[in-house]
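One structure follows; several queries about it will come next.
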Amino acid sequence: MALFCPIIAVIGGDTIFIYFFLCVFVSPCEEYLMAPFRPIIAVIGGAAPTPEEEAAAEAVGRALAEGGAILICGGRGGVMEAACRGAKSAGGLTIGILPGPDRREANPYVDIPIVTGMGEARNVIIARTAHAVVAVGGSYGTLSEMAYALLFGVPVVALGSWEVRRAGHPPAPIIYAVTPQEAAAHALALARK
Amino acid sequence: MALFCPIIAVIGGDTIFIYFFLCVFVSPCEEYLMAPFRPIIAVIGGAAPTPEEEAAAEAVGRALAEGGAILICGGRGGVMEAACRGAKSAGGLTIGILPGPDRREANPYVDIPIVTGMGEARNVIIARTAHAVVAVGGSYGTLSEMAYALLFGVPVVALGSWEVRRAGHPPAPIIYAVTPQEAAAHALALARK
Amino acid sequence: MALFCPIIAVIGGDTIFIYFFLCVFVSPCEEYLMAPFRPIIAVIGGAAPTPEEEAAAEAVGRALAEGGAILICGGRGGVMEAACRGAKSAGGLTIGILPGPDRREANPYVDIPIVTGMGEARNVIIARTAHAVVAVGGSYGTLSEMAYALLFGVPVVALGSWEVRRAGHPPAPIIYAVTPQEAAAHALALARK
Amino acid sequence: MALFCPIIAVIGGDTIFIYFFLCVFVSPCEEYLMAPFRPIIAVIGGAAPTPEEEAAAEAVGRALAEGGAILICGGRGGVMEAACRGAKSAGGLTIGILPGPDRREANPYVDIPIVTGMGEARNVIIARTAHAVVAVGGSYGTLSEMAYALLFGVPVVALGSWEVRRAGHPPAPIIYAVTPQEAAAHALALARK
């Protein structure tokens, strides 16, 4: 992708220095212009997390944004809001797939609120859109999203979340992480495959 | 099944005719006319069951119909078809919530094909519409339906299906049955609560 | 359609009369047992109709049930409730595709409430499931259903409803009826094609 | 649009260099970081447009991006692709709400593919998410999106698209534009209300 180099004239004493800068700060912006090539990674989890889960979600969101991913989530509070806050703290882009009919339902860290009005059926969209999913804690809604991701062949990383088991069925390919950084690293690696 | 025996007294001249109608044939029909008061029970499970799962699904479908329930399912093959076949063998009514855009996707035992064209998002509708859910085997699609039912507070009975567990989370209120008859009995009892 | 004839013994005075009844009332029930072969016809329209629209919807619902169709609608009040009431008055079967998350949203004449929780996205399901659609009055929700039916190739009959036109586009194949009976007759004929 | 002018003082030897960066190139990027405050405007229309419609859609997309809007569309070919191409030519951000289950269905100018797998039910999401809608030509799918936007109170601008009319109903508040620029200007103005 084209780099760009503003020409900056600097007057210092009696000399004019002309600098060609490689605007490293611009690079995160550039990535937005290349959005189709960046992985979209979901952080899923409940609206009423414990403080530990909330902190974990924020750390996951930050690490995903630092890793160059776009964050997708359900757009509401709790784990979703913490993940978005984390992603924004690292200059990331955040997408919220909202269940209700009103974009004001989005938490303040959602850049792009997608308003479905479809209730919990929107969980399908999160699972289908993501290149990988990180589950942080969560209740049955989170379990439905994990199940959908497994159904669609989307990699699932769990951090203090559900274990599922069926006698006679191969083990579900869920990756259990212990730290937020590990969870994000797994998701970033799997999303790029 | 409740018999329907109106006693009708007809006064004709000086004679009293007393009619006892034992309308045995009418009783299954009658229930359709009272559909809003009959429970709708879902049988969920995979499109590629084992022979044992297929037999179990058929037995569950039959027992549910004998118990007066309307059957709802995903409308396709495998466990869904077996459950519908069982329900029809007992004169039941069957509803198929189809994922694709074409009603011909329904198995031949579906009375009422509901055509969603919404893919796996239709799983939400099955879970929301049912008064109780019986899972027979199944893969991740089935797990998503169980998760949705748990999310919506709809009773879930499992027959050789998923177990779910999250550390620090109360156990999921899934009832594990051993026989199809037991599964159907649980579902019928829970649906009527 | 196979008729069935219960034998009824009537004791009157010293005489025993044996009656062979032709249970004409049973025939509508029988049809439920053959539901897959009956057309499903939608009546669409607003929740706040005029008295004339409400009466028309009821007459359409009745005529459709008399014609052997299963009625599908949005399951709520106004035109939807009137159509269901009409269908039930003729012994029909009624399906309500509900937008909200609760089956109690259904009007009292809905036999089978399908609970989507998907808001207005449920309009797609009504249009896809129906073999034909009758629009009675209606506002923009009704227009969306007409558009979907046209998109899916489902015949649309309008009774005091929307006209649509696009310069350079072939006229939309909407049939404009003048009376409820005419609307129902068109829908029944088109649904059987 | 806010310019971004960091002043950087660099002390080198005995000279103070003062740098004024006028990062004009950064400003479009900045907007991505402020995405929640930018309007999201939909361009809707068919997959098989005339060359004139395609050119119009591209011009609308470009004008919307120049006006600071994020573009949302159905993500596929025809009008959708032309609008995305136009938006990208002006450095805009594009969102595609895809009907199918696979992100590869997106046209090459979609930055953020949202994969619904919900077929035409995804039209609801486009209408709900947009602050305003521009219809360019289009067939019945487009009509369904216009109807949904009208239902949700989202402003609709039409460019060679549908006219709708119902006797006894107030005229639909569709704004008919003649040029792409006019259509985009209306949409931008209405979206900011």
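So that you can tell them apart, the chains are marked A, B, C and D in the order they are listed, and the count of residues begins at 1 in each.
The rule is short, and it goes like this: contacts are C-beta pairs under 8 Å (C-beta built on N, C-alpha and C of every residue); 3 or more make two chains touch, one makes a residue touch a chain.
Note that the coordinates shown come from a computational prediction; the quantities given were computed from them, not determined experimentally.
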Fraction-based call for chain C against chain B, same above half, different below: same
Fitted rotation between chain C and its twin chain D in degrees, CA, nearest 5: 175
CA centroid of chain C to CA centroid of chain D, Å: 39
Between chain B and chain C, centroid-to-centroid distance (C-alpha), Å: 24
Interchain centroid distance [CA atoms averaged], chain A/chain C, Å: 46
Touching two or more other chains - residue numbers and ranges from chain D: 101, 116-121, 124, 152
Topology of the chain contact graph, where touching chains are joined (line, ring, star, complete, other): complete
Footprint of chain B on chain D - complex, ascending: 101, 116-121
Residue ranges of chain D touching chain C (in the complex, touch as defined): 118-121, 124, 137-141, 143-144, 146-148, 150-152, 160-169, 172
Chain A-facing residues of chain D, complex: 12, 15-19, 21, 23, 25-26, 28-30, 32-36, 40, 70, 91, 93, 95, 97, 101, 103, 106, 108, 110-118, 121, 124-125, 128-129, 152
